[in-house]
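Take a look at the structures below.
The following pair of complexes shares a single chain, subunit A, combined with subunit B in the former and subunit C in the latter.
Right after this comes the complex of A and B.
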């Protein structure tokens, strides 16, 4: 039924019909093109406005001076007698070097972040290794229990340690019960508590990338090594460890970068004298209301972090292309 | 593998999991403690749960946080999915390097920098454009969408890269319009990634304290902000009760979704 009808249809088709067809297709193509561009343009625009532009603003405000006004900083560009004048104030940058609180907290943060990253690696690597070499069905469950804490509120997990490390907290109670100490040991509000908090929070971020590289690894390489008489330690040091370097780097960056700028953990677990740059920035902004100084601290932190962030991006995009 | 190294790995794993879970179990246990002192066991009680639900400040903050998280997740999924499709399917385009950089950078950027930079943006926009006239829920949502969409993009991106592109090509060869392909083929295929991206964005938004503290205005206090100011004053058992509820919801949610995943994949 349908076919003769269709033939009939085609026979009656004339030039004008074809041209309307073409006319209908062309705008459709154009619409497709617009649709395709929109898919890219919307997120591009969003990120440009809300991620890229803010950095230029931070940079600009770091060269102004704090005043009591709304907003509390001088403007960079002034129009005086019809001339546009740019007033760069480098006072905040000089302060960065003159007042030792800033560089001391940079060094201290870098030290704490690096040490925590190392501890995460030492605990996380064997765990990732164990999970990757477990039988498939257990592997899934083990992995789930690594990810699970990540979904529970971060601040509540930090809070859990307040209860443990307190002067009359569980840890001190156990130590006193064991007779190891008579008077409570000050754990809370020390750097020790900051280390615990950072390692506890960021450990899963170390384990997951390492697990991914270990799981993808070709096991026959290790078999070959042991067939050739390589001892397990040699096989591990010369094959497994070098092959998992991309995972180690990605995991280390995922721990180091946020740990360096961490605010919540030092604010809740650290002492008043614990200097971490994220906290200094926070106080500079909220307590001293010195926006230019806070911006300068942020710019300096960014310069500090450019190398790790680029390194992470590099490995991340390589990972994506490998897929 | 030698026996010695496997005992080492096994003990490391036991230590690691204990380290991750003991604090959580203690949090739950002490939420049922009748004593106000966190370390003294005063008998089983549910009084902190009653107190929690009577605390209007916490309840209002929880409601606000849920609202923000819901809207954040929805917008982040839309933007993140678009970005993921563009990165995987568009090949090389102008500004691709910058685009992928802007996707991965927010994930590792220290929160204090993201928070400060967005606040300074909002302040500058206010003096130049008159918008946003006041900071609060809207500015928090914008800030959260910006960093949450990066995570959605990564999830969607890896799913897109793993699905078979020949189905989309076949539909295209058969004369299917790109928009139809997107709705009828691509989106249904990446739906699991979109759902997990939504949940991830929801959690990230619910979790955030630092960025919200920077970009909020008077009157808009999210749940983490209220919890933070309470913890600053010391131990408060109603926070233990809140934590237990959160842990219970998260654990059932995650375990149920992994169970469903396994059922459907089998």
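Right after this comes the complex of A and C.
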């Protein structure tokens, strides 16, 4: 019975070592806390300086009136005869409901963004799947090809589409050469061109998150499904697809949100009649010089379109955490 | 529980199985991955109701053999017959076998009940029957109250049981188990072993287990096959493999063993006389089939539990004693292992059951002792 004694001895020795360890660690732990907070403070500071402050400026402008001056709006807070006066003008908000251009362009933007997201998903999912299941060395090369376009300026790439979609452009030339059409087809300055531009630009943002979820998926799950009698289509629908939902949601957010406020693509590729909220904003700011109205449009967009998505995302991640 | 275990060991007898009708038959199966031969010319028959183990180290081809049975790999050549049907070219989802994966591979987005029902739903069974079969399976693995949990809310042992229930739900002709106890801790592993054997007995399903753990293979199996570099080196009941290992590799892989180098002196009828300088003695074996000729190098193998360690030499007939010095004693509770050094410098391991109170221990480190064994317990191995 010599061994249990030995163990006891070992245990007490261990205990005292742990207590000295704890004593040494305590101050360090406090420093650790401070370090953690400092690190977390950086993104918070960044977000408040570059997001919250500008947002409050815009929010404030939305309650003023447009005047011909510099800056082109009345000030919200005025000191008159020693009294602080706050003048809230809600005219722009009323205008939002009076003129149907605003809600029409909101709806149109949401529609175009949603459709583009769906198209990105339909094209992007098979691509992500193909890359994730490719042999390791090919996989890296394929991923490089997905990111490659980002090394050229965005505006240049959109302009390149003008050259392709033009009445005298590459696409029409090919169609005519093939004898499919006699007269050039109007591609440029239509909604079709906007879709092409958005899908082309944002496709990588759909592919990458889906690729990530597919790549780290346990392949034995697919084998288990097959082993239990699941044909390839069933295995995909019941196992692979449901398990890649987090990637699909992330990809859809990354496409939908920027597509919603997209200005450059509809401006360069879209027609005059294609109303998108980004263009309305631009026109209010730079053509009408109605800053309060433009600010109102921006605030409304944030509240009606972006906030629900952010909330949804928040609950989604809460649910993930619970797992 | 104990009674059941006894029954099990009785049924381990291979004579009980219908040798006419193998349920699984590998015929000349080869599998190559590029230049690498994972499975080399395997011929194997497994009978209905057996609990058969494929035992071997990593990369010996046991898992590849199992994956060919389930259909995840196709053999480069050879045929696989399952219950009289050639399944070599069938995809996994058309084979009447199910697999319990090493990682369990439970669907994380489905509840326990949904996981178990998955295979039954694929067969298009009526809802009522699926439900009753799921209940039956939950009962079998004692997880009734966990049916609505998701896999991540279960412990390792519970997950293992869900994986077992899911694989058994379709009443497969053969259940394949890939390292079924590998992810469990020692205590749980021992309990689960017997549970697995009970389930196998009560269902009568043929189990094929892949394992690298020789103890696990010995406890579980009715028969086992020891594999090395893609080939089956020896197959038989655990007792046959343990008591009569075919060569040095198997002797060393299955259980622990003392091996001594020796040379064949002469053969007289079915008697073989060998000299071992390491043992400092001449030994006599009776084995007519042994392939060695005079002058050949051979090995003498003796299991540690067949050796005795005493202060005096034994002069009984048939007992061989050699002098040694005790170099180390390991106390394991139920037994002790002695590390002793022979005069030749060769170190020997002796396992002694601790029948008496340990304070009575009469042999200490540094003592001069005699290691003795009955000459029939020593094995003569070629190579």
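We adopt the following convention: the second predicted complex is superposed on the first by the 255 of 323 C-alpha atoms of A that agree within 3 Å, B and C clash if a C-alpha of one lies under 4 Å from a C-alpha of the other, contacts with A are read in each partner's own complex, and residues count from 1 in each chain.
In the analysis below, contacts are C-beta pairs under 8 Å (C-beta built on N, C-alpha and C of every residue); 3 or more make two chains touch, one makes a residue touch a chain.
Every value quoted in this text rests on a predicted model; they were computed, and no experiment measured them.
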Under the stated touch criterion, which partner chain does A:127 make contact with: subunit B (first), subunit C (second), both, or neither? first
Look at A:169 in the shared chain and tell me whether it touches subunit B only, subunit C only, both, or neither; answer first, second, both or neither. first
With both complexes overlaid on chain A, does A:241 touch subunit B (first), subunit C (second), both or neither? neither
Figure out whether A:180 sits in contact with subunit B (first) or subunit C (second), or with both, or with neither. neither
Using the superposition described at the top, determine whether subunit B or subunit C touches more residues of subunit A. B
Touching A:227, do we find subunit B (first), subunit C (second), both, or neither? second
With both complexes overlaid on chain A, does A:278 touch subunit B (first), subunit C (second), both or neither? first
Touched partner set for A:307, first subunit B, second subunit C, both or neither: neither
Pick one for A:218: touches subunit B only (first), subunit C only (second), both, or neither. second
Set intersection of subunit A contacts, subunit C complex versus subunit B complex: 323
Can you name the residues of subunit B that touch subunit A in the complex? 1-2, 5, 8-10, 12-13, 15-17, 19-21, 23-24, 26-27, 30, 37-39, 79-80, 82-83, 85-86, 90, 93, 95, 99-106, 108-113, 116-118, 120-121, 123-124, 127, 142-143, 145-146, 149, 153, 157-158, 161-162, 177-179, 203, 206-207, 209-210, 213-214, 224, 227-228, 231-232, 234-235, 239-240, 242-243, 246-247, 250-251, 253-255, 258, 262
Listed in rising order, the residues of subunit C that touch subunit A in the complex are 70-72, 91-93, 97-99, 101-103, 105-109, 118-119, 122-123, 150, 152, 166-167, 170, 331, 358-359
State the interface residues of subunit A toward subunit B in the complex, per the touch definition above. 28, 32, 35-36, 39-40, 42-44, 46-55, 57-58, 61, 71, 123-124, 126-127, 129-131, 133, 140, 142, 144-149, 151-157, 159-164, 166, 168-170, 173, 200, 203-204, 232-233, 236, 253-254, 257-258, 260-264, 267-268, 278, 281-282, 285-286, 291, 294-295, 298, 301-302, 305, 308-309, 312-313, 316-317, 320, 323
Applying the document's contact rule, which stretches of subunit A touch subunit C when the two form their complex? 1, 3, 218, 220-221, 223-231, 234, 238-239, 242-243, 323
